[in-house]
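I have placed the structure first, in the form of structure tokens, so that the comments after it can refer back to it.
So that you can tell them apart, the chains are marked A, B, C and D in the order they are listed, and the count of residues begins at 1 in each.
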Amino acid sequence: MALIEYRDALNQAFAEEMERDPNVVLMGEEVAEYDGAYKVTRGLWQRFGSKRVMDTPISEAGFIGMGIGASMLGIRPVMELMFWSFAAVAWDQIINNAAQVRYMSGGLINCPIVIRGPANGGTNVGATHSHNHENFLANIPGLKVVCPATAYDAKGLMKSAIRDNDPVMFMENTLLYGEKGEVPEEEYLIPLGKADVKREGTDISLIAHGRAALTALKAAELLAAEHNINAEVVDLRSIRPLDEEAILASVRKTHRAVYIEENKPFCGVGAQIASMLQEKAFDDLDAPVLRISSMDAPAIYSPELEKKQLPRPLDIVEKVLSIC
Amino acid sequence: MASAAKAKQLDFAKTPINSKLSAQQKVRLLTEMVRIRRFETESLRQYQAKKMGGFLHLYNGQESVAVGCVSLMGDDDHVITAYRDHGHALAVGMTMNECMAELFGKVTGCSKGKGGSMHFFAPDKNYWGGHGIVAGQTPLGLGLAFALKYKGVKGAAMCFMGDGAVNQGCFYESLNMAALFDIPVIYIIENNGYSMGTSLARSSSFKSCLAERAEGFNIAWGQCNGTDIYEVRANVQTAIERAHNESKPTVLEIATYRYYGHSVADAKHTGGYRQKEEIENYKQNHDPIQIFKRRLLEEGTLTEEQYEQLDEAAKAEAATAAQFADESPIPSEESITQDVYFEVDRQTEAGRTGKHFFNS
Amino acid sequence: MALIEYRDALNQAFAEEMERDPNVVLMGEEVAEYDGAYKVTRGLWQRFGSKRVMDTPISEAGFIGMGIGASMLGIRPVMELMFWSFAAVAWDQIINNAAQVRYMSGGLINCPIVIRGPANGGTNVGATHSHNHENFLANIPGLKVVCPATAYDAKGLMKSAIRDNDPVMFMENTLLYGEKGEVPEEEYLIPLGKADVKREGTDISLIAHGRAALTALKAAELLAAEHNINAEVVDLRSIRPLDEEAILASVRKTHRAVYIEENKPFCGVGAQIASMLQEKAFDDLDAPVLRISSMDAPAIYSPELEKKQLPRPLDIVEKVLSIC
Amino acid sequence: MASAAKAKQLDFAKTPINSKLSAQQKVRLLTEMVRIRRFETESLRQYQAKKMGGFLHLYNGQESVAVGCVSLMGDDDHVITAYRDHGHALAVGMTMNECMAELFGKVTGCSKGKGGSMHFFAPDKNYWGGHGIVAGQTPLGLGLAFALKYKGVKGAAMCFMGDGAVNQGCFYESLNMAALFDIPVIYIIENNGYSMGTSLARSSSFKSCLAERAEGFNIAWGQCNGTDIYEVRANVQTAIERAHNESKPTVLEIATYRYYGHSVADAKHTGGYRQKEEIENYKQNHDPIQIFKRRLLEEGTLTEEQYEQLDEAAKAEAATAAQFADESPIPSEESITQDVYFEVDRQTEAGRTGKHFFNS
């Protein structure tokens, strides 16, 4: 296995799928000649040319809508939002056109589009640039939502997302682009809708998605080292479709759970999972399902404080100790 | 005025695209307009009989636009429009049955009763809807045309929109990209003078016309009158040729008029934001069906009897469609959660992995 | 007390607040000369003139943004979205500018704006026109979200919303506009953040917001009449700020709860409330908190089916019986 | 070319708004430009010393635009801009201390460390930010001007934006309303030739210039060069008068240039999407500070020594600001959830009713 950056894992996924299917086309601001604002599409314009890798103006509603329209005719656009935060200006195109045109046409149309880009706080770029939309988008029937935490997951899930015949909202993370992980040389795919138990444990389930899954892993190490608590870490990877079975299996084993995410708390993904758990595992739970989210305010700029606004390993340890 | 207008009409009849029409083709154009009108009138009746819910936006008065434009479509030309979509649907060849059944919310509807009046679709006929969000279809139209170019097909996408829709920003984002990337999209502004209860002058600031806004994006644009279907065809043909031969966009504004309110619920459309005389004037002097009929009668292409016949046939077709719709079954309760995900509908491996629906 | 329609209760609130404060201005599509698509602003243009009641073009991002900008300078715009569904084209203006400009300016600015309109399904207008955004908007710190179910609540909450110095997202309902309710002749205000116990009960708490609160009331009558179950109905009225105390007090009394809403289920308001309840009333709950939402698909057009897609009294009865 | 350019310069010096400037006022214009440049250069140094996070978009090269425009502001004129906002902030009179402290994320920053580089605000100085979403400020600028008109105040709102921002739809929605409602807003397109790594030609389709897009909305527009601050002032003055006297909008495009990358993180800005020669040419031949300085020297309004002094003062001011920022405390952890709701901050009854925050 090669040790490569998360961004390069994505880059490999694009290249492989573009080789495989001439209808796959990459579009977005600065994705071509500039190699991508975060270099995720590095080298692809040189390799595949201007027809397959296209720079767009700063017109998210326009170009996302253009991609959706093209996907209705069988093109498979992979659209970059330089930040997922900018989805706000293309919101209508995403939630009405991509998500609902299949339904409104009684199944005559489908939109094999991937919309991707980083969705995270933690880089001191202020409130407008630090939104996490995954809870919103997963609320919308018709959309699929994926949040990989590692290079391995990013590549395998991206390849599945591109081949998927429904619109997939693919959420990356600028803080993870430079993280290295093991990625096999041979081709592999990871199905959407399969969680990954990133650490086996017996005492409590730390359930998370996106970068928070890595924070949970760090917390699990601390819990083991300092508190003799053996935590299991379940990384959802895909929010919709959701691997409820994996979550329930873990909690039925550990009887305790904490959900960790970088979303804001009100109606976050953690709310959905906690609500599901108390309903479907009521008698298995020895304590309430607790939740850790980003502190409930717009993302602060101040670098020292933004660190505190997002879930940290010690925040998780503290929550866990309150119920273990 | 009258003779000038007539002179103009004659001109458009002489343009190659119109002069080469056979008698049969001319009658077909008229028939299509009449079919739309009869369908709309029947749907209004059925709406009043409470056979359907939601909105109903009628196309009466605007028939020459949809029929004129669609009559020029080749195999690789595509159409997309807004919520006032029945005319375009019938023009591309959708049946009255499937359209009426859709209005009734029946399983035999073109969208299985899921879309309703605003959301008719027939991808097999290059018809991509029927869209309820004002101007939301404008980037989609760009995307259809993009796909044609990407595939190397000589085609165009005609994207229809209202005069009110020009004030949604995504239209301008689309215009810029259409010009920048040389995309063969044709934006057709059906300017019927009103967006709901707001007249053109109260909704838009412009110079000579709305289409002129395309000038600043360096896009070819034009304006024409929708009264005469030949004028529509002549102007659209130019745009289609530009799309096919140069892969360039066009914005074309067509002056037209709607006889009914914005939707059936619009109580103020006569005597409120517009006066009865205005409507009557249009019906008397600008009705595209009457004007084209008169022309065909005058030139001997059609007899009054033939007209009666085709009109009766359209009426009967609409009545039959209403009966078909009425007798069709409503969709099953299970169907509510079908047609959401392609992969789930097909029960592929992706569709069977993980939970897709969350009613506990 | 007068028996008036929900729409007229709102109309009174506008008129009273416009009399009171010359900075209150109404704007939106068709609100002036046309009296509003749903006649909520009937007569106000005649009464207050074109300066105070303004028709806008179909440019939601533009005019909502214009209202936000004006509010920064002390104007108090009450902006109508003909449907809250159309907020999707103005999403960026709402979640970034209205919600966050105060924060990003370190508290130097505030936006006393009300954005209002109907937010509901059930009227056979199809998927694009039937969104419920309250869970999304309440997720965003900086926004307030209100969903009145009755004429009385609509008027009292609207007056408070207009006087509030923060941006308030006010969600009405086309199915309720024609519903009549008792409204006092004398002036009154209802504070944001206070739930209303619309029916006292002892056996189970039916918690809801918006029109679902009325559905819950109907279910409560059925439960009493046919099943001898005495349900309490708690109407949140305001989603953010939220009256957690009222919810907890009810559940501590009844020990059982069902949340009813017309949102889609994934990360709906019910998820937040269920998650909160299992955390804060873990030992008080004798059964899991159950949830009823709109059926998880885009809103269907077919009138017969759309009725079934939204929560009905019998759906609630059935859920209640499963845990009582 | 060179002499023609000079002739043009002289012309703008003779326009009333410039010819009436006192020597002191002229030196003040120069000083403001120099202060901005020194501030930016110091922030770059501090960024490289890792004293701040996030983005840093520098204004070097564009100083004449902010200073020229702001120099014309009366008590009731307002300003709003995008994320490249330091120049405008200093021009309206914000102190280097509060600006630098904001970059450092300190409690003494203008936004208490909450906004960062892209989000400077000073409502007391009619400065409404500092906005990170491209073109997201364009409807806000319209709203500021709307408020002025509503209040019956004779004022204007200048809304700055980049050449890339013209492709966001909300700008056109704003233009239409500005014209339709006669709103005294002035859109100033700071055309520095690039949106990130994309040149003007690769992002926009237009006729003679971007501002010409306003023509289709029947809005007055103009284009000018930002090299000469007098030219900027002359053109903006016309727009301000139009706003004040006729309550009408203007779109004004000003050609300018940025010396650094899009943000500090932009590695490709020299040798990538643009060549070193292009940057050097601008610095040599079009630098607004050098050109204005030369003019003042030539006409005897300024001596080299005076220039050295004001430059040194600006440098010292920037260095002091960096020290001030460095020594300032970071905000408290509790402050993270402050400044979210007005009512909560003031602990009004509304702020005390119900739960506003949800970290369990």
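Here is the rule we use: a residue touches a chain if its C-beta (ideal position, glycine included) is under 8 Å from a C-beta of that chain, and two chains touch if they have at least 3 such contacts.
Given the structure is predicted, the values throughout are model-derived calculations rather than measurements.
The most distant chain from chain B, with centres taken as the mean of CA atoms, is D. For the pairs A-B and B-C, the count of C-beta pairs in contact is higher at A-B. The mean-CA centres of chain A and chain C are about 30 angstrom from one another, to the nearest whole unit. Here the spacing of chain A and chain B, counted between their Cα centres, is 40 Å. One simple way to say how far apart two chains are is to compare their mean CA positions; for chain B and chain C this gives 36 Å.
Look at where the CA atoms of chain B average out and do the same for chain D: the two points lie 46 Å apart.
Multi-chain contact residues, meaning those touching two or more other chains, occur in chain B at positions 111, 113-115, 119, 131-133, 136, 167-170, 173, 176, 180, 202-204, 337, 340, 357-358, 360. Counting only residues that touch two or more partner chains, chain C has 57, 59, 61-62, 88-89, 92, 96, 103-104, 126-128, 141-142, 240, 264, 266, 272, 279-280, 290-291, 296-298, 300-301.
Chain contact summary for the complex, chain B toward chain A: residues 78, 80, 109-115, 119, 121-123, 128-133, 136, 138-144, 146-148, 150-151, 157, 169-170, 173-174, 176-177, 180-181, 337-343, 345, 348-350, 353-358, 360. Listing the residues of chain A that touch chain C in their complex gives 61, 88-89, 91-92, 95-96, 99-100, 103-104, 126-128, 131, 135-136, 138-142, 240, 263-264, 266-272, 274-275, 278-280, 282, 285, 287-291, 296-298, 300-301. Touching chain B in their complex are the following residues of chain C: 29-30, 33-35, 37, 55, 57-59, 61-62, 85-86, 88-89, 123-129, 264-266, 290-291, 293, 295-298, 300-306, 308-309.
Within the complex formed with chain B, the chain A residues making contact are 23, 25, 51, 54, 56-57, 59, 61-75, 92-93, 96-97, 101-110, 112, 141-142, 144, 160, 164-166, 191-194, 238, 240-244, 272, 276, 279-280. Residues 52-55, 102, 105-106, 111, 113-116, 118-119, 131-136, 164-165, 167-170, 195-198, 202-204, 268, 272-273, 330-331, 333, 335-337, 340, 357-360 of chain B touch chain C in their complex.
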